[in-house]
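We just call them A, B, C and D in the order they show up, numbering each chain from 1.
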């Protein structure tokens, strides 16, 4: 299967510090990849580079073979590259219903309409209803987001991503901040993602990683040091060293 | 219902005539905000007139209503004037410190059957906007043009003008320039500076570099004049012998204590000085100082208001208290009287006041107070501004 | 060349006066995160007190300055306690509403108490009259203002960057809850920095009175200018405010010398240009 | 989208109906208040018309400040542009038909909105505020300089609009102007309610709450804001034109910082972000100011200042916002 998403030799440095050193990655349709790595490995920087929020020093990002390196973040979203945020970014005074409807309208290029209302758009209502139902948010559809629990806000993040119907989805720690007992909710939600969607998930929760990912990529100090099956990752010497080494380093620094 | 209101409104307008014995005068001016002191002077002038002449004309009692327009705001001014006429039933409109505020009201006068007595606003053209406008203050042309003659008399060949960049400033510049060049002088440079200028040093540097023997300046009365006069002194223009000339707005009496020694020797031409020596003026100043409370706050708008009241009283006498704007205005055309500022008359053609313009010098009295000392009189000056506009 | 120096001196003096008056606002806006539109009102109160002390009571100039600073702080204490404390951390627009309300009240009261005339603060003989710099003369009080500006800038920098109060202030602002849990009495720190800001306003109001004369409308008349220089500099940054004042002072002065007719355009176009290049102010911290 | 489609029944109709009912109620209240104003204060119609014009300015400000979160102290630029365009059209070009003047005002306001939007949106936070201040001063100064057209500081006078529809002349009592103004206000208000409930309205509310999330959805924050600025400009321009038509004069004050700041004060006083707050804030502020300044023309400013402080202390969400909260609490406690 041909790659739908490719990152070629991405480099980024701040001042003299190389935070991303020559990273290449390729994803195919339906991939479920977990990107892991110790703190400060440059995972979020990687997401920001790929989504266009940061400009790399060199390297390319391709979607479906098309070079999108010069696109701004908005155009990348339109090209099908969507991300979620590590810390929930939602509109606290708006309802889940409005969130999802807005995402659908935006996808269909109707978010600039000056009249009408999504309640009067049957297809939008139907799709919104089904997304919210899928993620068990139906009962909260009309409650302002500021008043709902954090775990459900995380679900709404995923709902938004789904509503945008991406080709490639980058999930930045979808379970971050969610109590361990509720992680299954997120996991169920992830299981509902379309089969042909390529998903790259950054995550610390290794249980989740092992259940979700078909492939694991380990980033340490701005470099990919491992790319392979979940089973092989724990045995890899470089991975062990990177994690343990970083802890040792962290404790000496603290 | 509509008819009812019309009838009621008409009744209000007409009733002033025969039955009511209260005649209302609506005064619009800046009573708060940055120009509050000028509005206060309106009130002081009006109160002084009422205190010295009584609040009755014939059998009719005079009542004055005040409305506040803190800064030039023609729309607000018009709305208030409209309300004064329609709701309060005023027979006379008066006051108006700013030209645009007065201009805005002129279209109302005919329909409202109300004369407008301008007590300050100094742009020549106001009187042309409606036949019901009478002005008892001055125009910037009227007070500025004589200064050009003074300059020539004192041997100034080259002058520079520095004015605030707004209507009255431009008027002052034109008045001075036109007259000065007609008299054979040369205006080497004309600087217009934004109203919001705080630091005048750079301007003074320019004045200095221009090589002019005199600087003619116009700034609105108030805080900026202080900085301007100080900058003139501190940049050594006074020492260099560059003569400071201005219309009297710049050295209004209420600003003099703040200007202090820095203002000594400045020559201004104006229609009124509180120090004017006449029995009429002494009586006026005494009454007006009492009215304003703090004597240091008294300034020129008070005399415009005082004479404005005189004109209105004459109008009421002439109409017998009936509301008849045309008759009222006709009655004061050519009216002459002895004002605190000296002999004045209303020009029957322009309905603007003809008056003496005085050359004054800022001086320090024996009591240590600063005053505008009158040193020369230009008698019976009409407004040259209207002719110039044609 | 002489013109260049001449304008430079004027620009420096004007910029320094702006700096002294506005730096207090930079403290309230940048460090305390309060959009304090009543800053000009405090400067004006300082001016009135100094004028009353020096002119009506005949006290010496230096004494009048101290009295103005202390008096203004005393007046500000109840305001801080009952009004400002309610708007710490409130939305900016709420702060705007409250502080404009305070400004209106102060203007109204000043008009009532002192009347609408200009009030001057008589200078001591040493500060009166021009000083010869060789290529031109300059007013002695302007040199004094420049000196005061330098002292204020250094003093503030030292206070905020080098003292324990500065540490506590910065900590309280960055994270009030954290600072409180570390034993910083944040209320007192806020009150103290508010007093500092108000004191600076009063000081500036007195020093700057030669350029910006004291009258009731002072509180609003110059507020825009203060707001502009603080924001261009980047609120909360002392060097930023200093650079902005000097830069804008220079632009304003040069503009008014070269093209007085378009002075206003010159100034505000420059403001737009600077903010265009530095959208968060010259030395503003990114949020 | 046609009206029938909007009101067509749909699945989750029940909870959704209420906003529409509220809008209808809102329009009804404006209508009733307008009629009441006409008969209760027949002598204050000039003031009421001025209030309507300023309401349009404050509504327009609410669009960018309340809905999009843009802080501006320069919004009068849009209002003044509309006023001057309508005035100049009448005085210089002889276009004195009132509706055409309003249309010209709206277009000029929209253009001014585009220009100031492009400049103001460059900054963030305080820098944004300062850009808006710079913009209003530049507009003001430009109008002062262009005195051939604008009359400079003397004001633009001599605007003589034709009778509305050729039938109703503008009269001394201000009746025509008032009815004309109410008509415009209701029209604009209905359009704005539709706008804020539209997908674009929702998008803008989203931008105010989290612009980064909006751009992560693939929408351009800047383009959306500029679009809103243009719409806002048209609304403010209508207000300016109404002011020019009804007072028949335009002064530099309409383009002033003071005017901008007052509009912001009125908006915050009423409560930003609901349109209703804008209306409430304008009426309360201007009426209060009118009453106290007539009662004491010399010291009213203190009382207005006290009102603003009191509102912050006792109604921190603005008059309308706080009233809604109280109402909700009241209803909640009864259930």
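Assume contacts are C-beta pairs under 8 Å (C-beta built on N, C-alpha and C of every residue); 3 or more make two chains touch, one makes a residue touch a chain.
Owing to the predicted nature of the structure, the values given are computational and were not obtained by experimental measurement.
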{"item": "Touching both chain B and chain D (chains)", "value": "C"}
{"item": "Most central chain, Cα average position", "value": "D"}
{"item": "Chain whose average C-alpha position is farthest from chain D's own", "value": "A"}
{"item": "Centre-of-Cα separation between chain D and chain A, whole angstrom", "value": "42"}
{"item": "Inter-centroid spacing, chain D versus chain C (mean Cα positions, whole Å)", "value": "33"}
{"item": "Inter-centroid spacing, chain B versus chain A (mean Cα positions, whole Å)", "value": "72"}
{"item": "Geometric centre distance via CA averages, chain C-chain A, whole Å", "value": "48"}
{"item": "For chain C, residues that touch 2 or more chains besides their own", "value": "108, 111, 264"}
{"item": "Junction residues of chain D - those touching two or more other chains", "value": "141, 298-301"}
{"item": "For chain B, residues contacting two or more additional chains", "value": "32-33, 36, 40, 165, 194"}
{"item": "Contact graph of the chains (line, ring, star, complete, other)", "value": "other"}
{"item": "Chains touching one another, given as label pairs in label order", "value": "A-D, B-C, B-D, C-D"}
{"item": "Residues of chain D touching chain B in the complex", "value": "39, 42-47, 49-50, 53, 141, 144, 147, 151-155, 157, 160, 171-174, 243, 247-254, 256, 258, 293-294, 297-301"}
{"item": "Complex contacts: residues of chain C adjacent to chain B", "value": "3, 6-7, 10, 13-14, 108, 111, 115-120, 130, 136-139, 142, 210-213, 215-218, 221-222, 225, 252-254, 256-257, 260-261, 263-264"}
{"item": "For the chain D and chain C complex, residues of the former touching the latter", "value": "65, 71, 119, 122-127, 129-131, 133-135, 137-138, 141-142, 257, 261, 264-265, 267-269, 272, 298-309, 311-313, 316"}
{"item": "Of chain C, residues touching chain D in the complex", "value": "29, 35, 83, 86-87, 90, 92-94, 96-98, 100-109, 111-112, 224, 227-228, 230-232, 235, 264-265, 268-269, 271-272, 275-276, 278-281, 284, 287"}
{"item": "Residue ranges of chain D in contact with chain A within the complex", "value": "1, 5-6, 8, 10-13, 15-16, 194-195, 197-200, 202-203, 205-206, 209-210, 212-213, 215-220, 224, 227, 231"}
